[in-house]
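Both of the next two complexes hold chain A, though its partner changes from chain B to chain C.
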Partner chain A sequence: MPVIQYREALNQAMSEEMERDDRVFLMGEEVAEYNGAYKVSQGMLDRFGPRRIIDTPISEEGFAGIGIGAAMVGLRPIIEFMTFSFSLVAFDQIVNNAANIRYMSGGQFSLPIVFRGNSGMAGSLAATHSHRPEAWYAHVPGLTVVMPATPADAKGLLKSSIRSDDPIVFIEHENLLGERGEVPDDPEFLIPIGQAEIKRPGSDVTIITYSRSLLTSLKAAEKLADEGIDCEVVDLRTIRPLDMETLVASVTKTHRAVIVEENWPYCGIGAGIADRLYRSIFDELDAPIGRVFTKDAPVPYNRTMELAMLPSVEGVVAEVKSLLNR
Partner chain B sequence: MAHAETDAKPITTRHQALGWLRQMLLIRRFEERSAMLYQQGKIGGFCHLYSGQEAVAVGSIGVLREDDYVITAYRDHGHALARGMDPEAGMAEMLGKAAGCSKGKGGSMHFFDAEKGFLGGHAIVGSHIPLAAGVAFAIKYRGGDQVCLCFFGDGAMDQGSLHETFNMASLWKLPVIYIVENNYMSMGTQLHRHSCLLDLTIRGGTAYGIPGVAVDGNDVEAVAATTREAIARARSGDGPTFIEARTYRFRGHSMSDPMKYRTREEAEKARERDPIILYESQLKERGWIDEPGIEQMHEAVKAEIDEAIEFAIQAPEPPVEDLYEDITVAPHIPQE
Partner chain C sequence: MPIEVTLAKLSPTMESGQLVKWNVKVGDKVKEGDTLAEVQTDKAVMPMESFEEGVVAHLDVQEGDEIALGQRVLVLARKGEDPAEVARSVAGSAGSASGSKAAAGSKPAAASEPAQPSGSSDTNGQEPESVASESAVAATGRIKASPLARRIARSAGVDLSQIRGTGPGGRIVRDDVEAFLKSGGSQAEAPRPAAAAPAPRRGGSDGQTRRVPHSRMRQTIAQRMQQAKQTAPEIHLTIDVRLDRVMSLREALNKNLASEGVKLSVGDFITKAVAVALRRHPALNASYEADAIVEHGEVNIGIAVALEGGLIVPVLHAADRLSLREIRQGTEALATAARQNKLTPKQMMGATFTISNLGMYGIKQFDAILNLPEVGILAVGAAEQRPVVQDGQLAVGWVMTATLTADHRAVDGATAAEFLRTLKSLLEEPALMLA
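Let's look at the complex of A and B:
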């Protein structure tokens, strides 16, 4: 199987879907002539031309809304945010329009649109440029939130997202773009939305995670294995809707769960997952659900401080051990 | 729409002119050394340099009063230095140190200096444009006669925040001066590919009933003269002015820009109109400085930036616990 980068996997997903369906187009800042600020759309202008690969001014609210309007009448836009930090300028369009128009029209309109771009605390980008927006979007009924961690998941999930008839918030991670992995080149390689995946089977503790934190969690699991602790690592892949079935099965087996995320802890993804697990399988738990998250402060420029805020391998190891009283 | 041109006669004193030249040199040196420090990994994140545009910040901020205000986007080092920020505080910020102008928390894109009326460094394109009007609103509310000078790039002309704000600033005759630094590039997208009109004075001025003036942004005195008129208008209660300062950025958009969207010739040709060289020859012609004097000034500026770098390198890192400091005025209660 070919080994490619996460960014190339995204490129393949978009390109294959554009070959397949003329209604699909890509619009955003620097996506065409610059070949993408993060080189995700490299070569796509040459391949598909300016009718379908469209550079925009810095007008996020405007072009997010243009995408939504085009989707209402049958096109299938991919709207790229240079990073999801800039999607805040388009928040009204995504939350009020993309999420609600189907409902408010009694189902007359569907919105087959993908909003995608990278996110995360990528290194000294400071408070405005380091957002992890998944909790904001996952809060909203009507939106589907997808966050792949591996190149293969990036491709398979983006293809499914483009084929979905609903608005998808597809959040990549800046620090994952260069990660390499095996990715199928079958044009029908699709990963269903809403399915978590066990990235490492284990029996003692379930680590629930997604996006870049998967890498941190897998490293922690390796370390813990050296000490005889067998972790199961579940990669959510889709944040909304949550794959409760996989989570319940895993935690019912291990009886312990730790949630690892690059998000602030309060009212966030981990809080939401813990709530659902407590309410559904409280009796299965041998210990309170553990959490590892980004410290509750804006993201500083200073690199040492930023690293101190982020979930670390040591932090995950310590949290797992504390659940096992070790 | 009037095109301002430098008068044959100087618009300022020798003393002030030499000060402006020195500031431009200081900014250039700060930027060029920052590029080196970035390459050495001492500066991180996104770093946008101001080289080539110095005359805009120096000429306009140079005619402000001490009690006026300045606010800008993420390409902010030049404006901060022109406003009198100590280069040591700026350099320490670049290195993320506690002695930095934002205590190492803001970095290159988020310089602040309250004492100098410098209200930031803002990294979301267009998001500070309403803030400038808010500052002007407060000035008017209190019955003061200060002004607020707000800088942004041509790319910011495309943000909704600008258009909402311009309407209100004009409607309420707020004492704000908007200066678009038109370097003809919004990252990798050239002006004709991102703006429906090439004359920005129409989009930012005419459309909102705001006087729109274009000026050669590489001519520090032309910028100063134009800004002075705008300031007079604002102070006398006649509201905002929109200035389009036409200039060019010598370097990439940020430190990670391969610059494939422009030719080497275009970039080299722009250097022929280097605002610093233009001003040096103008001042020499006037007999206000000679070659040895210029050299001396270069040396002094070099030494000042060297000292700032040395200071920044020696300065201590902020303690990690400071992560929770300065979030709110009341003690921050981490929701963990």
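Let's look at the complex of A and C:
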């Protein structure tokens, strides 16, 4: 199986779907002439031409709205945000319009649109460009939020997202774009939305995570294995809808859970997941649900301080051990 | 899919069991109805039968292990499945009592360690678990235990206050409960060497103090009696019953039945009369439930039988429709089975009212404790000759004193009194039972 980068997997997913369906097009800042601010759309202008690979001015609210209108009349747009920090300018379009068109029109309109782009604390981008937006969007009924951590998941889930008839918020991570992994080249390689995956089986504690924190969690699991603690690592892949079936089965087996996310704690993804686990399997828990998250403060420019805020391997190890009282 | 065999309810009040003996081993072929194992329930050693056909691929528990209801005890490979393959696939998800989990945090008394700075402190919330306490019992008297530990303890009928918590802040966690159960429930005495707990001996009169660990039956009795006293507001009504006619009828019948080897007891007449009276007073032949009183269609009499180290209440089904002879034979069969530990689940289930008789010890009167959810239990004293007033004259008569304990949530005093009045009339004029 070919080994490619996460950014190439995204490119493959978009290119294959554009080949398959001529209603699909890509629009965003620098996606065409510059081949993408992060080179995700490398070569796509040459391949598909300027009618389908469209550069926009710095006007997120505008091009998100154009995408929504295009989707309402039958096209299948992919709207790229250079980073999801900039999607805040388009928040009204995504939350008020995209999420609610089907509902407000009594089902007369569906909205096959993908909003995608990277996110996260990627290194000295400072407070306004380091946002992790998944909790904001996952809060909204009507939106689906997908966050792949591996190149294969990125490809399979982006293809499924483009084929979805409802709006998808597809959030990548700047620090994952260069990650390499095996990715099937089958044009029908699809990963269903809403399915978590056990990336590492284990018996003592379930680590629930997604996006870049998967890598942190897997490293922590290896360290813990050296100390005789067997962690199961579950990659959510889709944040909303949440795959409760997989989570319940895993935590029912291990009786302990730690949620690791690159998010602020209050009203974060972990808060929502912990709530649902407590209410569904309280009697299975042998310890309170642990959480590892970003510190509750604006993200600093200073790299050392930024790293200190992020969930770390040591932080995950310590949280798991505290649940086991070790 | 392989078949996961779990522990089913083998007695009505059973909440967990102990695997006494495996009758199968890995590789054995099993048919429906085969006995897989013998399980000690709260009442007796019961055979555990297979409801399926297959080959034993994996055993989850060992002889002597405690098993929770619904816990997987073994896995059968279906026809066409490779038992070795099945064994490999289930090994990872082995049942919690498999003993392979010792690595998972059973470090003793680590509570004095400071809470780990976990890199995950939430500035919106307080730092959790910063108070280290040696005991799981908080200052308020509330026991700190994880939900899972509570669930396991509840199903095993274990009192959490006996268990020492080794989790954060002295919290009782699963490992603590399992260790407690494995040690036969004496972990609270953990600092003492095992030899300090002598094997129980009966009738010791040597002046030595000894601890007799609770048997499963003792645990069950304790739990159920305490539950009854704590939940049911009881009312007690005592009545004297003349038994002269029962005594003479018994003598006459026993003469006739002697050739068949049947000898009716006074208790059999009482059983019969109680059953007939219950048929006429359905309010006493009932169970109290949260939202309703269930008046049972059958009259099934539980008969308390004393055993070495405890008691058990097997059930005489449809007692109101049995003849005296059938009551005698049925009661004898139940008592024998109870003493030999051979009661079947059916013989222990479905009682709608209980009789406890201490007449044979010469007890004149006592109050019995309800066998919940039944709403009534009759405590029967000795039939004895007492001075009675008859037609204004002092005379000698056969008299018995019986005391009804009723659950006042379901049964009011007058209702209970009416039942006793019927019972008295049936015993004082046994021919009425034929009417």
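Everything below uses one rule, namely that the second predicted complex is superposed on the first by the 326 of 326 C-alpha atoms of A that agree within 3 Å, B and C clash if a C-alpha of one lies under 4 Å from a C-alpha of the other, contacts with A are read in each partner's own complex, and residues count from 1 in each chain.
We adopt the following convention: a residue touches a chain if its C-beta (ideal position, glycine included) is under 8 Å from a C-beta of that chain, and two chains touch if they have at least 3 such contacts.
Given the structure is predicted, the values throughout are model-derived calculations rather than measurements.
Asks: Which partner does A:305 contact after superposing on A: first (chain B), second (chain C), both, neither?
Replies: first
Asks: Per the contact definition in the header, classify A:296: touching chain B only (first), chain C only (second), both, or neither.
Replies: A:296 sits against chain B and chain C alike.
Asks: Determine, under the contact definition given at the top, whether A:324 touches first (chain B), second (chain C), both, or neither.
Replies: second
Asks: Using the superposition on chain A described above, determine whether A:266 touches chain B (first), chain C (second), both, or neither.
Replies: Both partners, chain B and chain C.
Asks: In the overlay, answer first, second, both or neither for which of chain B and chain C A:29 touches.
Replies: A:29 contacts chain B only, not chain C.
Asks: Which partner does A:141 reach: the first (chain B), the second (chain C), both, or neither?
Replies: In the superposed model, A:141 contacts neither chain B nor chain C.
Asks: For A:107 in the superposed arrangement: first (chain B), second (chain C), both or neither?
Replies: A:107 contacts neither chain B nor chain C.
Asks: Starting from the residues of chain A touching chain B, keep only those that also touch chain C in the other complex, and list them.
Replies: On chain A, the overlap between the chain B and chain C contacts is residues 265-266, 293, 295-297.
Asks: Using the touch definition from the top, list the residues of chain B that touch chain A in their complex.
Replies: My answer: residues 44-46, 93, 96-97, 102, 104-110, 122-127, 155-161, 186-189, 193-195, 260-261, 317-318, 320, 322-324, 327, 332, 334-336.
Asks: Show me the residue ranges of chain A that touch chain C in the complex, using the header's touch definition.
Replies: 201, 203-204, 228-230, 253, 255, 265-266, 282-288, 290-293, 295-297, 311-312, 314-315, 318-319, 321-322, 324-326
Asks: Under the touch definition given earlier, write down the residues of chain A that touch chain B in their complex.
Replies: My answer: residues 29-30, 33-34, 37, 55-59, 61-62, 85-86, 88-89, 123-129, 264-266, 293, 295-298, 300-305, 308-309.
Asks: Would you mind writing out the residues of chain C in touch with chain A in their complex?
Replies: Interface residues on chain C, with respect to chain A: 92-93, 101, 103-105, 107, 110-111, 115-125, 128-129, 146-151, 166-168, 173-174.
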